[in-house]
Amino acid sequence: MDLLEYQGKQLFSKHGVPVPDGRHATSVDEAVEAAQELGYPVVIKAQVQIGGRGKAGGIKLAKDKAEAREHAEAILGMDIRGLTVHELWVEQASDIAEEYYAAVVFDRGAKKPMAMLSRMGGMDVEAIAEEDPTAMVKLHVDPLLGFQDFHGRRLAFDAGIAPDLIRPVGAMLARLYETFVAEDAMLVEVNPLLVTGSRDVVALDAKVTLDDNALYRHPDSAEFRNVSAENPQERMAKERGLTYVSLDGNIGILGNGAGLVMSTLDVVAQAGGRPANFLDAGGGSKAEAITSAVEVILSNPEVRAVLFNIFGGITRCDEVARGLIEAFAQIEPGVPFVVRLDGTNDVEGRRLLAEANLPNVHTESTMLDAANRVVELAG
Amino acid sequence: MDLLEYQGKQLFSKHGVPVPDGRHATSVDEAVEAAQELGYPVVIKAQVQIGGRGKAGGIKLAKDKAEAREHAEAILGMDIRGLTVHELWVEQASDIAEEYYAAVVFDRGAKKPMAMLSRMGGMDVEAIAEEDPTAMVKLHVDPLLGFQDFHGRRLAFDAGIAPDLIRPVGAMLARLYETFVAEDAMLVEVNPLLVTGSRDVVALDAKVTLDDNALYRHPDSAEFRNVSAENPQERMAKERGLTYVSLDGNIGILGNGAGLVMSTLDVVAQAGGRPANFLDAGGGSKAEAITSAVEVILSNPEVRAVLFNIFGGITRCDEVARGLIEAFAQIEPGVPFVVRLDGTNDVEGRRLLAEANLPNVHTESTMLDAANRVVELAG
Amino acid sequence: MAVLVDRDTRLCVSGITGREGTFHSLNNRNYGTQVVSGVTPGKGGQDVEGIPVFDTFHRAVEETGANTAMIFVPPRFAADSILEAEDAGIELIVAITEGIPAHDELRVYNHLARNPSVRLVGPNCPGILSPGKANVGIIPASFFKEGNVGVVSRSGTLTYQIGNELAQSGFGNSSIVGIGGDPVPGSSFIDIIELFEADPETELIVLSGEIGGDAEERAADHIAEHVSKPVVAYIAGFTAPPGKTMGHAGAIVSGSAGTAQAKAEALEAKGVRVGRNPTQVAEIAIEVLGARV
Amino acid sequence: MAVLVDRDTRLCVSGITGREGTFHSLNNRNYGTQVVSGVTPGKGGQDVEGIPVFDTFHRAVEETGANTAMIFVPPRFAADSILEAEDAGIELIVAITEGIPAHDELRVYNHLARNPSVRLVGPNCPGILSPGKANVGIIPASFFKEGNVGVVSRSGTLTYQIGNELAQSGFGNSSIVGIGGDPVPGSSFIDIIELFEADPETELIVLSGEIGGDAEERAADHIAEHVSKPVVAYIAGFTAPPGKTMGHAGAIVSGSAGTAQAKAEALEAKGVRVGRNPTQVAEIAIEVLGARV
């Protein structure tokens, strides 16, 4: 789960990472009130989960009340690369002397947390790597030993941080690592990490990604989830306990097992089609789960045809057939279905489908034939 | 540093180890007031760093205000195996169904913390080991991994704890381990660990030993030190930064290096003498440290003779001689001194002593001769 | 021969008294696996259709000589159960549980990495099947028979699909190893490929990968340097958009890292043939080993 | 030959710019030890009488090829410095610092124990002297000459006393190793005795122990089973009362555990001769090796 800047900064504060004082606002009046409390100048920042807010006009400096109102009005409701701004973060303007970059990431390759530091703040990691690969200092931390003082010193010295900042920058890295571990984060990024004119270090932005699997340990963070910002099909699927990812094509896909569904998307694409979604009905799917999944798939108005690709293992093909028959009874889909059932109880499943004689349902016996057929039917 | 029961219970509370509600008192009136607040029955417990308080009459149940006053009066000022009671802990009486034993100790042999659990509470570890060695379940914890749930379950199941108590006893062990690590303890012991009639688990006593070397991380705990209860020579030595241990003999000992001083004590004992103290003047001792050490040694009225055993490495024998000469100038000791100077600058040291011609100071060239001489002089 | 599980496997199932745990334990036993015990704290002394249940792994190992553990407990208890199995001296731990927090996996991985006598397969994996010998996990055994193709895969159902294609072309399997779809798998492709390389029965290795991480790229380097047997690969997720988790916690393209394209190219650059779809994997197998039908 | 430190030692001193650090670094260099660098955060680029100072151990190792570290920083920074040295690839870490918190030592010990390519000696130790070759630490070298007696000791000055008694009887030393008086020494008697056993120059091993812990008892068992060379022991602290720390953090009799009596008896039970005082150690050495004067 990706957090908004202000949510990330809440976690930072909790773990002692210095951040500028600020207030959350969802209306112009709230924003102005926040600005008045904080004292000018303030910065008014659009809260959307996307980079490039500044360039898009989503971050503005206000020197007085009038400017605060003007900017809050302009930013609230603004569209930033497809996302509408519903929330603001109003914070005390910082005195910027230098901008660094700091992060702790979950390094899957090394299977260890990796701490990163660069003096080239403001740019993203890939831009820094392109400009000067040596500018980003990285080191791995043994998760059982934890972040030691020497890790912070080494990053700071190797990144060429000024002598008076070695200690505070090292301390901030230690606090970021603490945030990373204590909050079950997959990513904690500060860009820019600010050095003020009075040589304080402050996290001016916060990008935090939390591990969904660990949210049960963090009930406060779980409430950060912004349901209204989610895609409607994805939200509907989540409520029904289905694993669904929205894509931009027109062929609805259902399969059992994440790998098989990904493979099905690929095979459909190879046949010239465009998948509308990823939907893993999971292992051991019962009829009602299948019915529920069909509703989610068809709630996407773009869908022109649907492919069921089932290789039964724990999932029984007869259960899948029953679910599909039930779905047709409830919904009467207006688009063609291609169904491939193989594996456990496949004969029984195919027999049930044949008997039901559903309108516009086509069975195929291989994955490739099924993909070709659905692409043809989607037109 | 050994804590008093109520100090240990403060640390327990901080880390979520359940303890009975209680109050600290240093006077009868305070104790009665505490009892009134807590509600009867209460237990009034002498706070001294020694076992066997109960048998000595230092723990009494009070059913009402009159009894509270009576017991507080009796216990305050009581002598328990040589220690005078200056402090009381007044706590709510607990309803005792079962008594267990739990501890986390610093196992030097295994170089790991060791958690222990037994259903035979009330007795001390050695008594349990004697009665039934299998009754004490022990396991080591990898300090980098930390205490896991399975450690608690395993201890509880192997100790034969009743099914409904597996979880709370395991949880208490986890909290005790946390206390052990977070407070830099060398020992955390709960005896008895109480099971109440309503099946709650509570730490009825608390024995905690903290690592003196880590007190700088625990300023609150550092204040637990009870200076008034310390031996006057030991307190005086500590104030002067000297390592001094009081013994019950009559020969004052000074050496440089803990191992050499222990060896000196042994050699004096082998020669038939009884050392009055252990005093390590440390590496690189300067003259003033020596002077200061002589004052501490002579402040013990039992001392009949003093042995200086110096093997100069970083410590220079001439500095030691100068310190001794200065001490004689300031104090004019009334007891004989035997001085053995060997190692760095020994010739110069011996020359200085010879020139100073101090009254009743005898030099010897070997440790064994020096030991024999001082025993002879102590009479 | 086979890898990891065989007739010497003595399995202890953590979570054996749960619905899924019971179902698959009995399923594994029916296949012929020696399921010697189970662990459920508080249910020690009971049994599951004759399989004795213990309160702790330590007791189960002492009493039943278990050498392999299968973890079937819910995600919040899984890391503890794996650590307990390791502490009790289990040599092979197969973790089926899906949804374990990533930081738990990190701690478990780094702790176990320091004990050379234990191996973890999974979590979030279907387990290991050595046809005709033992089945530890949830792989439906009926599609597979003994043979000379070793399969290692990050996914479950896709593996059955590929296995079925191979079976229809007449191939059987030495072992099928699901390493799981989580960000921190206990065993990597390389770990399992090393076992297949050393296994005399295995003549062809099939690697089934997917988006996310760089395990396939690392495997490609390893194969080029250390593997003498032919390897055929398949990668799923060419159409996955960046930043979206595709069902498996580990299946995510992050920025430009972890794409299927990059993985396929890395493998092909090292001489590993990559099938475009599961059917092609079987076709390449025929080319390499000759038709078996 | 010698153990641990010799002419190939390339020493980097953590805390070289402190008063004690500078004094002993120069002292070690004067003896002939290759003191190649020092570490003091924030003083990188400076030098101490020609010895270059770096901000981190990693830089010091990269630039000067240091293979041995000496830790001279105050106790609250010592654990971090040891861990940094290990992380930088140092093979031998000699920690002189006294007063490190016991839990820090526990973490450091258990972490280092998992890295077979690093060895810690100390903390709270006088260091290691290989007469005629190298001196790393604070042992006053002038009392010792090259020879065939290896000494391993928990204390400092007492070691000089024993070494001096040996020297007066004509014996020199292969190496003198102070393992330190703390509760969690990085190297045990056994670790060092193994080195002396393997060192062709060493013909007699002197073990100087003291109260606290059970390191001497363990050493006794080890000697009986694995050591072919003669061993003479000395134990200090027969008169120490229980529950009192005798100067060294580790020197404490806890209840009835860790007494000098028990240690001496354990050693004698395994055939190790124990001198009653330092002079007797030298007398036994003469009996074993023959008079040298």
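Each chain gets a letter, A, B, C and D, in the order it is written, and its residues are counted from 1.
Basically, a residue touches a chain if its C-beta (ideal position, glycine included) is under 8 Å from a C-beta of that chain, and two chains touch if they have at least 3 such contacts.
Quantities reported herein were computed from a predicted structural model and do not represent experimental measurements.
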Touching subunit B and also subunit C, the following chains: A
Pair joined by the larger number of C-beta contacts - B-D, A-B: B-D
Chain at maximum distance from subunit C, centres defined as averaged CA atoms: B
Chain centre separation in whole Å, for subunit D relative to subunit B (CA means): 28
Whole-Å gap between the CA centroids of subunit C and subunit D: 48
Gap in Å, rounded to a whole number, between the CA centres of subunit D and subunit A: 55
Residues of subunit A engaged with two or more neighbouring chains: 142, 144-145
Overlap residues in subunit C, where contacts from two or more other chains coincide: 107, 111
Graph class of chain-chain contacts, one of line, ring, star, complete, other: other
Chains that touch, pairwise: A-B, A-C, A-D, B-C, B-D
Touch list for subunit B against partner subunit D, complex: 106, 108-109, 111-113, 126, 142-144, 181, 184, 186, 211-214, 216-217, 243, 245, 247, 255-263, 265-270, 275, 278, 280, 283, 311-315, 342-344, 366-368
Complex contacts: residues of subunit C adjacent to subunit A: 75-76, 99-104, 106-107, 109-111, 113, 126, 138-140, 142-143, 153-161, 164, 181, 183-184, 208, 210-214, 218, 234, 236-241, 244-251, 255-256, 260, 276-279
Sites on subunit B touched by subunit A in the complex: 144-145
Residue numbers on subunit D that touch subunit A, as the complex places them: 41-42, 44, 55-59, 77, 80-81, 83-84, 87, 107, 111
Touching residues (chain side subunit A, partner subunit D) in the complex: 142, 144-145, 148-150, 153-154, 157-158, 163, 166
